[in-house]
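These notes are about the structure you will find just below.
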Amino acid sequence: MKHNLLTRGAKSPDHAQFLRKKRLRSVGILTAQLLIAVAFLLLWEIGAREGVINSFLFSQPSKIGEQLISMLASGTLLPHMWITIWETIVGFLLGTAAGTLLAILIWASPVLGRILDPYIVLFNAMPKVALGPIFIVAFGQGFLSIVMMAVAISVVVTTIVVYTSFRDVDANMIKLVQTFGGNKWHVFQKVVFPAALPTILSTLKVNVGLSFVGVIVGEFLVAKAGLGYLIIYGFQVFNLTLVMLALFLILFVSALMYHAVAFLERRLLNWRN
Amino acid sequence: MKHNLLTRGAKSPDHAQFLRKKRLRSVGILTAQLLIAVAFLLLWEIGAREGVINSFLFSQPSKIGEQLISMLASGTLLPHMWITIWETIVGFLLGTAAGTLLAILIWASPVLGRILDPYIVLFNAMPKVALGPIFIVAFGQGFLSIVMMAVAISVVVTTIVVYTSFRDVDANMIKLVQTFGGNKWHVFQKVVFPAALPTILSTLKVNVGLSFVGVIVGEFLVAKAGLGYLIIYGFQVFNLTLVMLALFLILFVSALMYHAVAFLERRLLNWRN
Amino acid sequence: PSDNSASEEKLTQVRVSEVIRSIFYAPQYVAIEQGYFKSEGLDIQLDTAWGGDKAMTRLLADQADIALIGAETTVYVGQQGASDKVVNFAQVTQRDGSFLVARNKIDNWDWSMLKGKSLVGSRKGSMPEMVSEYVLKQNGVTPFSDVNIIQNITFDNQATAFASGTGDFLQAFEPSGAILEQAGQGYVVASFGQDSGKLPYTVFMAKASTIKSEPTTIQKFTNAVQKAQNFIHSSTPEEVAKVIQPYFEGVESKVLTAVIKRYQDGDAWAKDAVIDQEEFSNMLAIMKEAGELNADVSYQDLVNTEFAEKAKRQ
Amino acid sequence: MVAISLEQISHKYLTDSGETTALTDISFTIEQGEFVGLVGPSGCGKSTILSLIAGLLFPSAGKVTLFGEAVVRPTHQLGYMFQQDYLLPWRTIEQNVLLGLEITGRLSQAKRERALRLLDEMGLLGTADRYPHQLSGGMRQRAALVRTLASEPQVVLLDEPFSALDYQIKLQLEALIAQTLSSHRLTGLLVTHDLGEAIAMCDRIIVMAGRPGRILRILRVPDTIRALSPLEARESAEFHGLFRQVWRDFQDEA
Amino acid sequence: MVAISLEQISHKYLTDSGETTALTDISFTIEQGEFVGLVGPSGCGKSTILSLIAGLLFPSAGKVTLFGEAVVRPTHQLGYMFQQDYLLPWRTIEQNVLLGLEITGRLSQAKRERALRLLDEMGLLGTADRYPHQLSGGMRQRAALVRTLASEPQVVLLDEPFSALDYQIKLQLEALIAQTLSSHRLTGLLVTHDLGEAIAMCDRIIVMAGRPGRILRILRVPDTIRALSPLEARESAEFHGLFRQVWRDFQDEA
């Protein structure tokens, strides 16, 4: 059999046919996706040039590109990105650790869980953005406040999801460990935690997004640098191209982190194949 | 058998024993919960009076109470609460409707779903707070912007959860409808939608929280009234008691809405008993 | 050009929180860039709070030693009954820094032209808003009944909202006004500062306790501010622009110069750091007009001119 | 008259990693009114055959006909019973039972009454307004049977309908179904991995082997066994003979 | 020597809505090396009895002893097999099999080797490094058996270990387990709802009735049947006699 890119790996003519169809569809979908993006940018650019879109307010792709290149060249861009990414990573790790710990506590002591329950619901429902000022007072005007905002936004979701996945572990698997005379710690270590791991890892994808939101909110509040700061600053000096560039970079960074965690997830769960 | 409050409804002496133990524990838990709240407020009040806590920055419970009473008496408080609640309800309903519709579309056309997938992920990961200015430009400086912020924050989560619950419907139930000659619409109407309803309803609890966050963010951005506005205004004139009061009311309203949706959920799913 | 005679170790660290980053506060950047603080033995750690409330919070929470904010915040803090009052000690700007921007060029401006129109303003209780209402009243325009003032847009977004079609007029801050003009999106037709009279618009302030415990530092700080004020009033806009450019990355020097010129022409920057009683009373009057003054506050309690007077004499 | 006929069917499932030949060269016919068993190891393609007959899947090669017509889509001539009951938990038993009629738009007062009468016959009197979770496993599976019969099919396909049930209930239900199908003169195709069940219930048995799925042999159940109830049949000497015979086929295959 | 003894056990489950009497007045003993079947309808308390013996639950009244000692907690003298294999999917077969030894802290090189030898004996040679999802249902249940035996129990409790399996595989596994238990001289208690299975495999059968769970009768399986393999046993005349007898008991009860 002669194979081309579309039928590589085929096990038989029928399979080749199947793979070709499937891969053609994937190519089609990718094309459609790219088309959407390109059309969007193109319409924006043309609209701005023709004056249909207020290029003063919305800037335009070419200007944003120029701004990007000039800031990259002058080395003023990357530090902002690193700071935001770094804050997100720290907030994300802290939030995940704190949330998981809390979930473990609640799992280990259901009474504690019931006592804390209304407070957790309350804290979860509370818009953390509104707490910003308290954060400044409590954690100062820098890194710590930003990271804490990221933690505050992600911690309860982590606790809830992790605890739920602990609770949903098949009761018979727990019984299995108990029939071997295993105690609570054995149950946790041998069954509950590994069984919940996939869920925990897939929450991380959501969590990194939440942490990022927290960091941006935090940067709006107190930053001296970072992508959130660029937005505030851009508005202050009325450089809307800078604002748009920062927005694009936020999109870019959030996609980047999402995929980094997705990659991590796949690596850690490779026993599933 | 003589029954007191603790054993009411008991079916037998053993059962009475069981119920008493269980209810005593519930009472204990409630007590602990109240104690935590009371201790918190008391420590705050005493700390503020003794000067351990900066009562200018953090205010103190007694002052917040006075502010509450005086604002209730003058009728200046409730309008702010209603506005926020109203905006949240509108944003919540719109966000849920839009999210569900999008989920239905993606379910009905998997190709569309695959095309949109990266954009949905991107939009989901994007901190919507950062889009605030664009909302002002696009939706004006009032109600619409606030509601749209609430929609933006909740719509993707709804779509993802609802779509996932559509997808997770037991394939055999779908096959059942198909064996009766049912088409895609039958499958949706008879099986997929009702089967997913419990999940959808339980997302609503989360959604109302997200919508509320959106409304507060929106109010920070453009409000003339509402609890978010009270916070901004309180800071503007350095009335931190007002700010704290608004924060408490936000907590209260979010708990209120959470329980309203939980109640609705129970009512709609009464076939489960 | 900075004076490096004082060795690094001897410098006293001073944490300054500025309300926002603005060309309006050029004297402060000049004092830093020209080394005036350093030669006084001060090491300034400047931080932008992005909001008067936040800057004041930092001051109150001991996260900053000195704040650069509108003096009205000290009145608010005073009337809320803070035990440790915040005291104004050095004036930076003496007029409102905002301008009235119209959509089209208007040659013979008269404030009555605002009647029946809408104006994008600032939040209720903020200094620009109160000044705006005051100026309107002075010019026979009754706020809210004659002119619809849109008050609900965050400071950051007012110019954007105007450019996207909200309102007929905008109370603009620089560089937004200059950039709007440059882009042909609006035209400056009047200056609020011109019509409001002098007032302690933006000042350096500190907690009373800090002033009491660190008088020498406050004195040195005020001295440096005075030097910067002297520099600004004896230099061309281009020279000032060159000095403060590092603080305004992404702003064209053309715009910077134009804005500085406008402020110089408009007499926005105080000649000395002294906050005199007349100016302060003017501000209280404006606040009273706006209905935001609901307790008696005294000039003596909230203003300290000791340091500024001494700096002026040097 | 021939109810079901499969002619040289083969079927492949295609996935990313390759193709699975689920069925090769499957041919058989089932006469109207016949009750045929389909046995074979897990994965030999039994469910696939049912899906092909039901018009849920189309064969890679070969032809499936139902009463002489090629199968192109599911039709209400055909009823399908699954291993689990798949009663929709949010519908009452009555609403569940009427599902098929609802979907095909043939719901009338007469049909509703007939369905309720069927419920009674199956010993489900008074459950019409209950929800599925209020019924025991055996009752639920009987309700599922009523749901199948309510659409008035000519042919009933049963995919291991007893394997999720308790042994006692299973034996009762075997008898009930065998009797119901014959009294309604329906054609039946029963998939099971319980060889004994197939022998005890059916007229003919199609024995399959796996990897790839194919027919090992088709055998007729002696009339002596067919005359007995499923419970009695299991005790007859011929039953054991037949069982041994097929069992050895399986062992040889493995 | 008596391995397991239950003396006038009763057990209630208490819930918000009331109490369920799961067991009343249950007494029986099992001798060391005996293999006893426990049959009865769904919900009659079979699993509850196993949990009581395993020390996972404690009776509301009565006494459970294991080799003469009161049961106070789970012990490694006892092995438990479930309906599903519950192999932990993130562990390899070897890691799964060693779970019990790991938990009780008795894992040594010798025991590891013994466990691997057991895997070989059960026909699972070469699967030690595989993950459970790579094995067929029958292989997985066999791995679960090895996991149970690896902890060297004296008593094995089996809770419907075959009911999730294919008929053919089930018959093979029945033979394997019966043979393994007897060759290791282990005491066994097998819960099943398949009366035939109990008769074919066990030395004695405890027949239960439900609501509330109680013992209907205890009967000894004749030596003639016990001498046969489970497959052969099902064909003997005595088998059917016994089956009929118990079956009638059930019908009378219902």
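Letters A, B, C, D and E mark the chains in the order given here, with residues in each chain numbered from 1 onward.
Please note the rule applied: a contact is a pair of C-beta atoms (placed from the backbone, for glycine too) under 8 Å apart; a residue touches a chain by one contact, two chains touch by 3 or more.
Just so you know, these numbers come straight off a predicted model, no measurement behind them.
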Given chain B and chain C, the chains that contact each of them: A
Touching both chain A and chain B (chains): C, D, E
Two chains joined by the most C-beta pairs in contact, as defined above: A-B
Superposition of chain D upon chain E: rotation angle, C-alpha, nearest 5 degrees: 180
From chain E, the most remote chain by mean C-alpha position: C
Computed distance of Cα centres, chain E from chain A, in Å: 48
Rounded Å distance between chain C and chain E, as computed from the means of their C-alpha atoms: 84
Multi-partner residues of chain D (each touching 2 or more other chains): none
Overlap residues in chain C, where contacts from two or more other chains coincide: 53, 57, 61, 156-157, 160, 164
Chain A residues counted as touching two or more neighbouring chains: 57, 133, 137, 220, 235
Pairs of chains found to touch, sorted by chain label: A-B, A-C, A-D, A-E, B-C, B-D, B-E, D-E
Partner chain C, residues of chain B touching it in the complex: 54, 56-57, 132-133, 136-137, 140-142, 220-224, 229, 232-233, 235-241
List of chain E residues in touch with chain A within their complex: 54, 56, 73-76, 78-80, 82, 84, 86, 88-91, 99-100, 102-104, 131, 133, 151
Complex contacts: residues of chain D adjacent to chain A: 12, 14, 16, 18-19, 60
Chain D-facing residues of chain E, complex: 41-42, 136-137, 166-169, 192-196, 231, 235, 240, 243-244, 247, 250
Complex interface listing, chain A residues touching chain B: 25, 29, 32-33, 36, 57-58, 111, 114-115, 118-119, 121-122, 124-131, 133-134, 137, 209, 212-213, 216-217, 220, 228, 231, 235, 243, 246-247, 250-251, 254-255, 257-258
